[in-house]
Amino acid sequence: MLSTRYTPRIGRATREAYGDALLELGRKNRDVVAIDADLAKSTFSWTFGKHFPERFFNIGIQEANMVGIASGLASSGKIPFISSFAAFALCKGFDQLRMGAAYPHLNVKVAGSHGGISIGEDGVSQQSVEDVALACALPGFIVCIPADEVSMTAAVHAAAAHRGPVYLRLGRPKAAIVHDAPLDFVFGRAITVRDGDALTIVANGLLVAQALMAAERLADRGISVRVLDMHTVKPIDVDALTRASRETGAFVVAEEHLHHGGLGSVVAATLAQTVPAPIAFVNLGDRYAESGKPDDLLRKYGMTADAIVTAAESVVRQR
Amino acid sequence: MPSPPVEQLESIARTLRVHALRAIAAANSGHPGGSLSAAEIVTALYFGGVLQHDPRNPDWPDRDRFILSKGHGVPILYAALGERGYFPVDEIMTLRQVNSRMQGHPVQGMTPGIEASTGSLGQGLSIGIGHAIAGRLDGRHFRTYVVLGDGECQEGQVWEAAMCAGNYELDTLCAIVDWNRFQLDGAVEDIQSLEPMREKFASFKWNVLEVDGHDVQAVLEALNAAKAERGRPTCIIAHTVKGKGVSFMEHNNEFHGKAPTGEQLQVALAQLNGGQEAGVRGGRRDGVRGLREQSPKPSP
Amino acid sequence: MLSTRYTPRIGRATREAYGDALLELGRKNRDVVAIDADLAKSTFSWTFGKHFPERFFNIGIQEANMVGIASGLASSGKIPFISSFAAFALCKGFDQLRMGAAYPHLNVKVAGSHGGISIGEDGVSQQSVEDVALACALPGFIVCIPADEVSMTAAVHAAAAHRGPVYLRLGRPKAAIVHDAPLDFVFGRAITVRDGDALTIVANGLLVAQALMAAERLADRGISVRVLDMHTVKPIDVDALTRASRETGAFVVAEEHLHHGGLGSVVAATLAQTVPAPIAFVNLGDRYAESGKPDDLLRKYGMTADAIVTAAESVVRQR
Amino acid sequence: MPSPPVEQLESIARTLRVHALRAIAAANSGHPGGSLSAAEIVTALYFGGVLQHDPRNPDWPDRDRFILSKGHGVPILYAALGERGYFPVDEIMTLRQVNSRMQGHPVQGMTPGIEASTGSLGQGLSIGIGHAIAGRLDGRHFRTYVVLGDGECQEGQVWEAAMCAGNYELDTLCAIVDWNRFQLDGAVEDIQSLEPMREKFASFKWNVLEVDGHDVQAVLEALNAAKAERGRPTCIIAHTVKGKGVSFMEHNNEFHGKAPTGEQLQVALAQLNGGQEAGVRGGRRDGVRGLREQSPKPSP
């Protein structure tokens, strides 16, 4: 838990950390194989590919086929890590993930890169804003969105250690570091990155850093804020949420995703079954974004520390 | 593994048909047409000495893989797996009932001998590529067989996989297309023709063979020719008749996905056994049990 | 609103009502065209197809292509209704729906048949239990799951009258009739099928009838229950939910869907922003079902009047 | 509509390249390689008298449809649309900025002249079929053109659409494959070969033509031959060079998705204009403005 004032220190992009961790896995375990669909240099699976060409398959622009191949590989005892942009891996490979990974609960790991709108200039077609909704609609999948290089590295190793399907969302831009290494990382267990008692901000991905900045500004205004890095959306950390609801009584949930089906939905459905509480949501809503510089987009579409502060003030008033 | 005489294989195919139809009738639900058309294909693979496998050790790493991509035809596969000893053959009669392992479509991890969960058409060939690649990586010499429906080949994923397998020169992969000329809503030719199929697969760099899919000897020969082919995967276009073996189901796509009534079942069984219902059981026990004892065990 | 005691009267399957309504639309408007992917006789699009062969395209087993074609047709002024099993239309056509219908907000209507596990014997591969999660992750889409033939007929006409993309879930089994014709049907406006003040059951599809039966049994035990037919999941009826929360203070949400991303998630996220309240969920959870007779499955997987009663009793105690 | 002299078309293609590169450099983001390779294809369509359209009435129901399925090449299309008057040509310089209509990939309904939202590869041909069918239903005689990337043709949906268009005998549909032999991560031949492409499309019942995709006259002739073809769609395999027109971008896939630096842009512009940066503007204004005035207006 960060006790001192949070000063954002820019680290590597989580996709870059993914590539490095995958390479390390490859060194340790020769059953680890990687497949990409013509985005190996963007997803950083190439970091693995150039060291292990015989265990790396860049199969071209065939996302559905990629998932099916992973299913066969896993069935024959391999540990396939497949990667593409999140938008393509999930939206084009969904039925294959459903039948070939989720239903048989196979050991398939899916890395969806370029999550969120912070990928910037390429625009809507490449921005994944629905991947969490889709991945959570795959029973048995672990769904995880690490915030920084430290937690991404831990998540890749946890994914390899877990027997079953895992989805990891990777980000394009360099990400502020919010965790200290070595990190005690477990799927399904939130990390409290700041404590407080008037409000809880639940966030993942890039928005954890934004949440920390927002929390400091709220603290300056006398609002004591807890910040949970909820890296794992499924399974959700019911205990951490229940405790936060009892102890702080109000929530902001912040994520780079559509309103529907993301972390916000999961937190709301969880609290409704334990300790219901008011929640303000910071997300994209029910729309697509556009092309632009990452920061311009995050500002225009309201996924920043500012937006979190505004949401927090309104929900604290409601409580 | 040597192949038993053709007459014996033909008798086994009839037995598998009987199992499949009885199970579908008992469930009052299922797909007779595409089960019957695949009977000789499945017989050749499981009883003709083609598949190297061990029913007592379904996870034997060197086993050949079989994937029924057209998953709705699974009753004929359950019949073969049951007769091969993967599970008690009578279990087939629990087809499609709650709590049964005999699911409406193949379910990997639930039913012994099932290698892939299918039923959403178009996926099996990609899964087969995964197995084939894994075999290559591990230096194993198993082969992977995938049965596709002709209608199923309208799915784009089949062509992604075909392209990939061709380019990867996966000569351990063999696709058999159950070319029965019908899909769910009617004739393939009327809905979305696949002709010229030979040229299509050839242009995706496959070795293409065509056979009469009800001539079990011919199917066997094609499967063995595929084994001998080097440097490219083989696609066997098996010309079949949907509903084969039952007069009122042949060329009648009504039985694509409809169970026979009790009365229809009796007529069907009589046809399959030259009019003697009792003969079915006798024939089955002799034919298949005999075979099971005589086939050499693979060494896992 | 049904005032007398509810005695389930079995009507047609909603897919059958869909076919008839589509035929009627076809008669009125020659821009209505239909496409199916080799399931025309199961989705009942064939009812339209046999009357209007020139405006009907059974394109074979090509769901992605089907959606793309619909996108082009809509762009050239047609009103395409596309149908398949929900599992295939959404899981295989998702990326095409995203780029070709949702993003350009085109006039594409999607009918996903065989929703839920009540399709029975075919088993998991054909059972759509994630379609609502996926459809709601398509910004701008209306997502609607009618309960009976009366509301399905109304929904098809409403879909045609609406300019923009619509998803309708159709059911396989014959459905109990819960509404009287003519029905005052508007997308996004819940229908109160029974009033009460101790609890609200929010349901759609087949579970509306189950909710009514549950409500009567709860009434017999002195619990006064409101039942909302929440046919439209997106946009959700915020007013009806807020009022119900104020007036009844507790909820059961019942649907034939995974826990994640369906009606339950939407209700929870909505209430968290208005009047937070305890909710008990009746759904499939995070798993797939199996083959079996529809009633056997609904019982085994807990989506029945019984399950609703149990859930209701627990949530009323919590309140 | 008569075609202007070849020299004029060549000069227009150069102008479009200049626009595209300037915009990409200004955005410091975008895809130069696949924009440059498609310059003559787009020029032939928009300036060679092929496309019947009306920039002042983008929704004219009888217009020919153009879909850039390989959406990442959109800068070259914006250049053509701008020069054709769909929007002020200078707007291209706002490429990829927030609040601009010049999105990173084509967006239908936002940018005048854009017929489909693409960028997720593989979808354009299906959309084209929808337009072609709509035209048939309404008795309109417009044509639909779809530009595909060669890498893009690895997507199964392309083959679903190819199968469907072939069977539906959509002779108003024309696909042009920008056969530049590279995709994002490298050479198509190394990653997932599409050869033999001619045989593939032929076996899906298409008329197949091959041309030098930088010979604008040859492209024009192929497009006109496609118009004359009856009973089947035409696929034009346009052999191109990725990055064409800029020495350090040709055959260098580094510029698939990387913007040139300011310095590189200057070198590129100089090459495109025989060393005279000023000449670009002059050439452009003359070439394209002149053409715009002289082309007969279609009657909407």
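By letter and in written order, the chains are A, B, C and D; residue numbering begins at 1 in each of them.
Simple rule for what comes next: a residue touches a chain if its C-beta (ideal position, glycine included) is under 8 Å from a C-beta of that chain, and two chains touch if they have at least 3 such contacts.
Since the model is a prediction, treat every value here as computed from it, not as a measurement.
The chains touching chain A as well as chain B are C, D.
Ranked by how far their CA centres sit from the centre of chain A, the chains are topped by B. Chain centres here are Cα means. That of chain A falls 37 Å from that of chain D. Taking the mean of the C-alpha atoms as each chain's centre, chain C and chain D sit 42 Å apart.
Here the CA centre of chain B is 46 Å from the CA centre of chain D. Residue positions of chain B touching 2 or more other chains: 107, 117-120, 122, 154-157, 160, 163-164, 192. Shown for chain C are the residues in touch with two or more other chains, namely 59-60, 62, 64-65, 87-88, 91-92, 95, 98-99, 103, 124-125. Taken pairwise by the contact criterion, the protein chains are fully connected, each one touching every other.
Here chain A touches chain C in the complex through residues 87-88, 91-92, 94-95, 98-99, 102-103, 124-125, 130, 133-134, 136-140, 234, 251, 258-261, 264-266, 268-269, 271-273, 276-281, 286-288, going by the rule given at the top. Interface residues of chain C, counted against chain B in their complex, comprise 36, 38-42, 46, 58-62, 64-65, 87-88, 91-92, 120-126, 290-293, 296-297, 300.
Interface residues of chain D facing chain B in the complex, by the touch rule stated above, are 154-160, 163-164, 167, 192-194, 196, 199-200, 202-204.
On the chain D side of its complex with chain C, the touching residues are 61, 65, 107-109, 115-120, 122-135, 137-138, 156-157, 160-161, 163-164.
Of all residues in chain C, only 33, 54-55, 57, 59-60, 62, 64-65, 67-78, 80, 95-96, 98-100, 103-105 touch chain D in the complex they form.
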